[in-house]
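We call the chains A, B, C and D, going by the order they appear; numbering starts again at 1 in every chain.
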Amino acid sequence: MAAHPLRKAVAPHVDALGLYARVRAESEALAAPLSDADATVQSMPDASPAKWHLAHTTWFFETMALKPNVPEYRVFDETYNFLFNSYYESVGDRQPRPRRGMITRPSLDEILAYRAHVDAAMEQLIDSGLQRPLADLIELGLHHEQQHQELLLTDILHLFAQNPLKPAYRDPAPLPVVETPRETAYVPFDGGIIEIGHGGEGFAYDCEGPRHQTLIRPFRLADRCVTNAEWLEFMADGGYRDPLLWLSDGWAQILEHRWAAPLYWEERDGEWGSMTLRGFQPIDPNAPVAHVSYFEADAFASWAGKRLPTEAEWEHASLTIDMDGVFADGGAGRLRPAPAKAGTGLRQMFGDVWEWTQSPFTPYPGFRAAEGAVGEYNGKFMCGQFVLRGGSCATPTGHVRPTYRNFFQPDKRWQFSGLRLAEDA
Amino acid sequence: MAAHPLRKAVAPHVDALGLYARVRAESEALAAPLSDADATVQSMPDASPAKWHLAHTTWFFETMALKPNVPEYRVFDETYNFLFNSYYESVGDRQPRPRRGMITRPSLDEILAYRAHVDAAMEQLIDSGLQRPLADLIELGLHHEQQHQELLLTDILHLFAQNPLKPAYRDPAPLPVVETPRETAYVPFDGGIIEIGHGGEGFAYDCEGPRHQTLIRPFRLADRCVTNAEWLEFMADGGYRDPLLWLSDGWAQILEHRWAAPLYWEERDGEWGSMTLRGFQPIDPNAPVAHVSYFEADAFASWAGKRLPTEAEWEHASLTIDMDGVFADGGAGRLRPAPAKAGTGLRQMFGDVWEWTQSPFTPYPGFRAAEGAVGEYNGKFMCGQFVLRGGSCATPTGHVRPTYRNFFQPDKRWQFSGLRLAEDA
Amino acid sequence: MAAHPLRKAVAPHVDALGLYARVRAESEALAAPLSDADATVQSMPDASPAKWHLAHTTWFFETMALKPNVPEYRVFDETYNFLFNSYYESVGDRQPRPRRGMITRPSLDEILAYRAHVDAAMEQLIDSGLQRPLADLIELGLHHEQQHQELLLTDILHLFAQNPLKPAYRDPAPLPVVETPRETAYVPFDGGIIEIGHGGEGFAYDCEGPRHQTLIRPFRLADRCVTNAEWLEFMADGGYRDPLLWLSDGWAQILEHRWAAPLYWEERDGEWGSMTLRGFQPIDPNAPVAHVSYFEADAFASWAGKRLPTEAEWEHASLTIDMDGVFADGGAGRLRPAPAKAGTGLRQMFGDVWEWTQSPFTPYPGFRAAEGAVGEYNGKFMCGQFVLRGGSCATPTGHVRPTYRNFFQPDKRWQFSGLRLAEDA
Amino acid sequence: MAAHPLRKAVAPHVDALGLYARVRAESEALAAPLSDADATVQSMPDASPAKWHLAHTTWFFETMALKPNVPEYRVFDETYNFLFNSYYESVGDRQPRPRRGMITRPSLDEILAYRAHVDAAMEQLIDSGLQRPLADLIELGLHHEQQHQELLLTDILHLFAQNPLKPAYRDPAPLPVVETPRETAYVPFDGGIIEIGHGGEGFAYDCEGPRHQTLIRPFRLADRCVTNAEWLEFMADGGYRDPLLWLSDGWAQILEHRWAAPLYWEERDGEWGSMTLRGFQPIDPNAPVAHVSYFEADAFASWAGKRLPTEAEWEHASLTIDMDGVFADGGAGRLRPAPAKAGTGLRQMFGDVWEWTQSPFTPYPGFRAAEGAVGEYNGKFMCGQFVLRGGSCATPTGHVRPTYRNFFQPDKRWQFSGLRLAEDA
């Protein structure tokens, strides 16, 4: 596992200021291609406007770091606490989530001014030297902002996909097609009592700990993700039409929403293409399938005679390799999943697509949410969601860890979510 | 009745070009205070984005006038036919109405460029001399655009009302309070066979004709609209809590939506105020109540021991006075209803607030919708709606006529809709 | 117009007791083929359980006649006021309409005992001699009960239609097919000022008056109803697929509910049949089409190049013929519409199917609802509904009049609703 | 652990016929207090009519045992396969679940005749000697029927609770109040690798296996269930009003449905009572709270500073005691949870109320659903549900086992669901 870059931020002798500046600048870089209107509209209740992401992450620093710690801090605008609180019940009332897109004012420019105002105060605060727990809180705020960077990208993709003109967020030139071996190999792992979860130095979300022992059985893990070509085989074989492959709730989704392909896929003149951050593009057969729900991932695994890995299996396996992959690179990346590299052994564990595991998102043994507002972070979502691992092409570089637990409801498809198969040894 | 200004447009020897330019410029003037984001967001399925209003009215000229009549006309953007068709089934598929707010691109600037492109071609077409039926169609297009000008204002008011910051579309300085006599007088009218509907020269929508005889009975009509002060009495007397005052469907609305005051009203520290195009403002007791539904108007009339007038009564009475009142004046008006002028006799028939009549919107005897796409204009809405008469403070000056029939479903409140009482003689 | 049978009930020297007994017995006869379960289930919010109809009509007599007038009357069960009030806000809380089907107890037998209890007291009351306004109230109660008799039949038909076994309420043997002439003739009527509405002796609902003058124009009325054969032509010609034939709200219904034929119609092996009170039966081509909504009736008229009559036209024309037709005959009738008799002149005006008119259900000039609970009868529904005239094969014999105004929302199809065409002369 | 009674059914030398007859008779005994109407109505989509339970369990034997194995078997009614299939996609189309209450015919008597018809054939089949896999299938059918027996009771309770008359399914005399000690003791258990799941002889559902090792940590388990008195403290302390106690989805339920007490609770004149199978009854403070959702159970545990046990912890602990408790006893039981017996040590593990665990319902390692229709039994529900353990006062005696996994969505409350607290040692 690579050294954790953000950890350095609040470690002694490290450029905390530089890190703060870099993460904050990345958000603004991601918003650069967006118009005021692009940044304002909310395309569905699950998504948020880009402007809201930019403001909410700023509100976090203002509310959690500046107001309690900097007596002379002047709040930028008193109304923003109502507008940009996400779900912190303990911090007061807030704009209802499905109505976030009504906020045409403040404008994107005003939000950027808000960011500058808070950044100036934050930089002064950081520069004055940080102690725990404030240092931890700021570090949390930066990780929190990186999460919203990924959501900003996936929410913009969803918004642009609603537009019949299919605008491109980034350069719409097609990416070169990479040829890769088609066969999947399975990498074996022993069973036994292992340790998972975050325990040592460095930043992690509360839900990643406590580090604890768990018992796994011998298993084998696919060396790469399921590809679009394989998904097309599943479709051609009637995968979306055979109820016996599906969880009951998944089949209900199919009947209600008529799913017949991953989200954003569209057949034009007999060829499948997909809306992407680079506009409408042909499907790349060798790239990992993305934008599938847990229900689809699970049905695919049934069809393939395999299963999804547990999160313990995934984490255990991931420790055997380096943590590199296709990430967002501050918006400079492909912003699409890439085919697995040639070679052997586990690949694509990090980046490209989040990988659905079969594990419901539940507390690790001994888990306790933090006191106060930041305690409302992860624990209250530990119901009805499944864990995804590894990050995606929209995840900021350096944001994930082997212990990182992402989670979504099993019907969600707008993230870059794919899968990797497993089987009992 | 004042001479009809638009009529002149296509009459011989009249400045048709000037009229076209004036109406088109008014739309742009109305949009001037709006940001790209303001002009993009749709606050509810009934409302449309300002950008959509600007584009759809332009699409009307492009599709109905230019494409069939100007062979060399170059369509500005082929995709706009899908984006900006409203509901013309005969002109092809279109963006679903509730998803109009997803179109962040084209931007407001691009739509303004679209307008300029079409205007250039239209001006050339008009300049080349117009014959019927093309002249009639262009006249219809201008009236159509004026309707959308009013909707643009009411839709922006609705959007801004969703924003907790209650932004002002126009100068938020409160308007001076005007004192007016509090008593309502009732003006008597004889019964008998009268003629209503449009029949002579000048423009009118298809649904305003044919002119025809109808039988009315002697009646008396209030000389002014119901005021906010009177509405506060109704509220204080439990008007919103007594089911016996209400139509059954109206009472269902109250139970579902907890109506207890007109739309946009809000009690703050014991004082009622209301969101307006000038931001949040105190209620003006002498001004006509606005933003009430048909259900509320009807319940108020029951409470007052009166009734709403029929549209025949209203039209008949309106012919006795001049057609002046508080209109939008290209966005330069008050943009709020004004108290009735001092004096006696019928006042406030035109402008200020649309007045609910008790008449369902039905075809006049002998009505036939026009052939082709423009025939989809009014006839297909002749079900489940009630007629309103007289125009409002958001209606473009010169747009209404005594025969003008506006119509909305009885639960709608986002227009400047009020009422005037009547009684049997 | 035939003498009005119920009028005699409370007229001097007439057998009021006999009439009361006869109407009440008819309800029980209609319920005779039903099991306890049949009588309990509610198949949709618009429908009510048969048991509820039997109890509610009894509650009316208990609440309106016995409790205020018979001091010694002992209420059968205090809980029934909550259970069997329909919508009288002035008589207290009640079981919510969509939950009427939850009342498995009291059983059908208990409701019959309730009826007997109330009938005994009512007969004693009637026998003691009636004065107005009590006599009027009882007469109203009997007409009210007859309305519920029709609803009981249409609600049972709807319930049985939900059952895949398609049970028959009555003898399922097919009825003999009657051959009739296929051509429709149009009967001309002059225009002028006419009088409509109820004004003289005899019972009528409040909404049938006041009798008043109205102005009609010369028109021609089809001599019979639109038949199933004609409806099949409309279907074959794409009537359900052409949006230009439909009101906007009607087209929305088609898109949402995928209407492609009248309610209860089903194509089996290329032949159209329909669920009826006699089970699933082949379509009779010569019988009037039934179970069509206003939207469908209006679209058919557009397709045929005709229009629906107004209620004034219908009433005026109906006075020229006798008031006989195919009625329910206490459940002994066909319970299906019959083909028009051979011959010429207006036929089928009464019975067979209710005929949609183009008239919204609005108050006649001078209409005032009665004071008190019975005033909640019709006036509060004067919004969003259309008038139907003439009665149907499920209407009790003797229940309708030329002035009778039935009314339903334009999307309703579970009544025996059909249409007759008209045109301007 | 008590010997498993049903196991004997298909073991050599055992009275399989007697067992079949006993289970089948119990269903009919449970239905004995019900009228045809009671047995027909469906009070919500989650519930099924009693008649449906009686028929569906019979359909199981007819479809799975008789049709494939008894060539001369005559199907009772071909239409029943459509009516009474529950969710077996592999056995064809079926009546949609939310419309099960529309089936007023066949009547309850006809369903009883259906049962007799199938029972006669089944008894002949069983009498002829059973081999695997048919013997296993019949055993499964009997367990399946017992599950539906419990559902029949909980569904009737829900139906009767909708009736304002609050009818009693059983003798409505209040049960004697039992005094019990109020203090909860916590019983400690060691951690380590344990085995859970079904593995040996005797019947179990597929989802109870495979038996497998799992790692637990030292924990302590409450010696009895949370009581109504404790729940009243939670309520009095604002438990339903503090969002910080709740899972996010649970809080959404509170806002939407205004939960403020367990299901069926109602405050009358300052005293809490509850609808029960014995009618409306006062709350018994010492009895276990029932009819709480997972969300409520989890919030209560947070409030109490404890947690819910995992299913592994629960199963491990349950092996230390006998499997007796308050069960349904063929409908002769209390049909209400009873206070814990005096004494010390683990009590109430079996019977009284199902106990929510913190474990999502997921496949055990190595789980594979069975081939064919019976494979659609449990696996397809392994998403979005939580495991409950131990059985309830509505569970047939002998039906549960220590390994038994019941499961429901976290918002469900109509089962007899309660909770027991746990904590880390």
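Definition applied: a residue touches a chain if its C-beta (ideal position, glycine included) is under 8 Å from a C-beta of that chain, and two chains touch if they have at least 3 such contacts.
Just so we're on the same page, UniProt names per chain: A, B, C, D = Ergothioneine biosynthesis protein EgtB.
This one's a predicted model, so the numbers in the text were calculated from it and none came from an experiment.
**Student:** So which chains are sitting against chain A and chain D at once?
**Tutor:** Common neighbours, chain A/chain D: none found.
**Student:** Sort the other chains by how far their Cα centres are from that of chain A and give me the top one.
**Tutor:** The chain lying farthest from chain A is C.
**Student:** Chain A to chain B: how many Å between their CA centres?
**Tutor:** 47
**Student:** What is the distance, in whole Å, between the centres of chain B and chain C, each centre taken as the mean of its C-alpha atoms?
**Tutor:** 38
**Student:** What is the distance, in whole Å, between the centres of chain B and chain D, each centre taken as the mean of its C-alpha atoms?
**Tutor:** 60
**Student:** Spell out the residues on chain A that touch chain D in their complex, using ranges where they run on.
**Tutor:** Against chain D, chain A makes touches at 87, 89-90, 193, 212-215, 217, 243-244, 246-251, 294-295, 298, 358-360, 362-363, 365-366, 375-376, 380-384, 410, 424.
**Student:** Residues of chain B touching chain A in their complex?
**Tutor:** Residue positions touching the partner: 35-41, 43, 79, 82-83, 95, 99, 101-108, 159-160, 162-165, 167.
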